[in-house]
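Each chain carries a letter (A, B, C and D) given by its place in the written order, and its residues are counted from 1.
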């Protein structure tokens, strides 16, 4: 059955690739199979990895000690009420709890690591480095960060002298986008390599 | 309606050329070697610096769509951690993660077995454990910082947390010596940096797809928010190099390099063509006016 | 904004003394500062001749057990997961494994839970400042004060694009992203759609809006209809031009591609949330020779938009353009509050660099928050 | 009741977490742990909800014989298949309702759930994203045209990085003398990534963090209510 599995995998791989020629029934079929499998994967894993260990097992083994868990369970069931148009409003309670909690956490955590720490990381003395490459680099780092932030500053018209930092900021952004561009190309090609490797090695045994 | 057809045909030709550019170097490897970079070395050094017996987390925050890039990292990192005698705890912020973790553990064990059939292989529950998937991203990680057992009452086999011997001394994230998140997006490395490092001060390193690599670099600074970063197939190949073997990532670097050159050539030709067209349009305009 | 900034500096000046530490004895056990009372901090500085150590903790019977043995001449270890308010005894034995020399130190400490985490003082101050600024400006906006934000230059290119479409007698294509109505990027896109629809109504140019979700479609219909009314051309409004294509990501893209090839719109707008499909869309649009304007908050897609479009709204510019157009006090006020934060960063970083050059490490250390 | 109570819930849960972020002592850590516990369980149900609505949508499509309905039917069938085998025999070492299913494993070489995962799910998901390689190549030829100074800057960086991250890079520029080693492509790429790229990404992070603070603040204070659904 392992061989059959590889043929199955090859069939699905080629069905998706056929989209490159044009949209066709094979692609449409493979795509919907993907959607279906992915949905049931989530479902099965949610049941086995979350609901059973974190909820039902706890309630099953020690119901009295875990009575408080009935609250999130009720809230969870209210969440499912979203499916019923008339009772949709009930899902707002669990939503509010989740949104409130995660908003507060992400506010604290991202302010610390994306604001405070980034700010501190930019406070460097460029002249403390020995190699000229690092000195130039650190100066670029400071200037680039500040001008980049200024580019996103909307309370001032970018005229006259204020045009300069904003212009420099956009240059840095462009360099960074160029880097992202290169890395994205890299990533996409890698994925293709993986698939061709599967076809040539596991399916056709052309390479070993 | 002439235009669309030409577009479509052009596209198909480019597609075909790309397939060839990737396939040929696979069939006839060029034997190109890769070179290690500081960010990869930093991850390697982090693992090297931690003594044997220390509990560590490798988080599998990706799905099969990126296995080509991330799975080789997982293999190399697991092998390295086992070599150093670390107790590897696998977690997952993506539902497909636990499955990826299991595949990786089995592959590394198989490799170790084929290298030395008599060697003592790492034992499940003693040397490594797979705790499975939990949703919630940074909220969940924050919970791990308080109490690991509350988040993971049992592992994926259903065994209770307190019955797993390697977890005996691991009460919270603070007992972990380093976290490496193999991450393909959200939730993933960013949440580990913010929470495990930002709140609980546990060293965090990462392996990401090349797409998100540039965005993580600001975290590699004197603030040590990120102890090194593996970005894409190239870094995976570098890690294999540091580990002293050639795996799927190193093999992939041959077609990868050729395909990059192809893309660059395509950009060049595209620009030449566009410049020509602009010139022609200009001439036509002048002819019309004059 | 100036007044707020001066408050910040007064606050910062007073914090300097916090940063100094007392000299270390050879081995010390002390309550971990500013925590929940479950950890003890152990620090040591050993004789350089030693090469191994054993850190031990006494159990309830007074018997010492080793729990840590990683050697460093000068180091520290945090013993976690302790009980609040209990006393713990520690012993450190350091030795040289070759010569057999050894020395023993003892220490004890009591855990204590604190009311405030002083390491987070800077975080609290900065966060409060930014939040206060945001709320202040939202309040001003709601009171009807005119909050200034600059015009985003990408918006100017809109007129040019519409003009060109009119000239050629070709339609305009507007894709409000692939996200649903819950995404602020989609809302921003719809806000920008409004003046665009109004212009196209004035010029009598056809406007096509394909949508990925029916929710977005109804919202877009509402927006466009209203704009046509404002322009005084409700008769020109065609509901069927704003339509649902497909839920499926690549199916949607294939559909929009088809429209571009068939209708040959002279101007394309891709505003909102886009993923990997961004490239397929703009490539086709480029092939048909349309003027293309894009804008998204998805950082990975920006490079592709920049190289294949004539104008791109980068990240926050999309929200700023939306706030500029809608004049919604909540959006505007928030944006002004963020701007205050940005100004703060610029000034503090400049000050920090100067401080570092002068060797005043405490300044940077304050923002790092210690650990 | 329908609107205000949820707003209060969001406000209180947000406030407790915010205060707990600065006050390390009890009761805040316990409250936080409880909230996190609940959050995770509710998330579990939320995932169920997401999958259920997808299912509902597809069932409606098949029932009403919408265009392409046979494809949606095949999606539903594969959904049911994977769900059933997953519940019956579990996956990897996780047992299902019928235990570990040794007989089936002997026949297939793996548990049916894992078999489908390896031979259908992995190739489908990996291939889906590898399509993008083709689109990048085609766009490289047809749309990546240099026009302004800014886009030139972008393209030049992209070219350096793309070359610098190949195995050719060392061959191409290895001849540059050590004194100018920073001009070698791999070093140049590292420099670009480490400094200018980091600077710009840092600016983006800082602006985004401010955006998150603003959005979270508005949610906690109930100024922003769109998550409750039903318009503004």
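Basically, a contact is a pair of C-beta atoms (placed from the backbone, for glycine too) under 8 Å apart; a residue touches a chain by one contact, two chains touch by 3 or more.
Quantities reported herein were computed from a predicted structural model and do not represent experimental measurements.
K.L.:
Quick check: which two chains are joined by the most contacting C-beta pairs?
P.N.:
A-D
K.L.:
Where the centres are mean C-alpha positions, what is the separation of subunit A from subunit D, in Å?
P.N.:
The answer is 3 Å.
K.L.:
Centroid from C-alpha atoms only, then distance subunit B to subunit D, rounded to Å. What do you get?
P.N.:
One centre to the other, that is 14 Å.
K.L.:
Which integer distance in Å separates the CA centroid of subunit C from that of subunit D?
P.N.:
Their C-alpha centroids are separated by 16 Å.
K.L.:
So which bits of subunit C are touching at least two other chains?
P.N.:
Answer for subunit C, listing residues that touch two or more other chains: 123, 127, 130, 250, 287, 299-300, 303-304, 306-307, 315-316, 341-342, 345, 368.
K.L.:
Find every residue in subunit B that makes contact with two or more other chains and list them.
P.N.:
7, 15, 18, 65-68, 98, 134-135, 139, 142, 151, 156, 158, 211, 214-215, 218, 221, 223, 232, 234, 256, 259-260, 263
K.L.:
Spell out, as numbers or ranges, the residues of subunit D touching 2 or more other chains.
P.N.:
In subunit D, residues 21, 29, 36-37, 39-40, 43-44, 46-47, 91, 94, 117, 121-122, 125-126, 128-129, 131-134, 136, 138, 140, 142-145, 150-151, 154-155, 158-159, 162, 165, 193-194, 197-198, 201-202, 204-208, 210, 213, 215, 217, 227 touch at least two other chains, as defined above.
K.L.:
Graph shape for the chains shown, where an edge means the two chains touch. Line, ring, star, complete, or other?
P.N.:
Contact pattern: complete, every chain touching every other.
K.L.:
Please output the residues of subunit B touching subunit D within their complex, sorted ascending.
P.N.:
7, 10-11, 14-15, 17-18, 30, 32-35, 37-38, 63-68, 98-99, 102, 134-136, 139-140, 142-143, 146-147, 150-151, 156-158, 214-215, 217-218, 220-221, 232, 234, 253-254, 256-257, 259-264, 266-267, 269-271, 274
K.L.:
In the complex of these two chains, what residues of subunit A are touching subunit D?
P.N.:
Per the stated touch rule, the residues are 1-2, 5-6, 8-10, 12-13, 16-17, 19-20, 25, 28-44, 46-48, 50-51, 54-55, 68-69, 71-73, 75-77, 79-80, 82-83, 88-89, 92-108, 110-111, 114-115, 118-119, 121-122, 133, 137-138, 140-149, 151-152, 169-179, 181-186, 188-189, 191-192, 194-195, 198.
K.L.:
Looking at the complex, which residues from subunit C come into contact with subunit D?
P.N.:
These residues of subunit C touch subunit D: 34-37, 84, 113-117, 120, 123-124, 127, 130-131, 134-135, 138, 182, 184, 187, 247, 250, 276, 279-280, 282-283, 286-287, 299, 303-304, 306-308, 310, 315-316, 319, 330, 334, 337-338, 341-342, 345.
K.L.:
Applying the document's contact rule, which stretches of subunit B touch subunit A when the two form their complex?
P.N.:
12, 15, 18-19, 22-23, 26-27, 65-69, 95-96, 98, 132-135, 138-139, 142, 151-154, 156, 158, 193-195, 197-199, 209-211, 213-215, 218-219, 221-223, 225, 231-234, 248, 251-252, 255-256, 259-260, 263
K.L.:
What residues on subunit A touch subunit C, complex-wise?
P.N.:
19, 23, 31, 107-108, 111-112, 115-117, 119-120, 122-128, 142, 145-146, 149-150, 152-158, 173-174, 177-178, 180-181, 184
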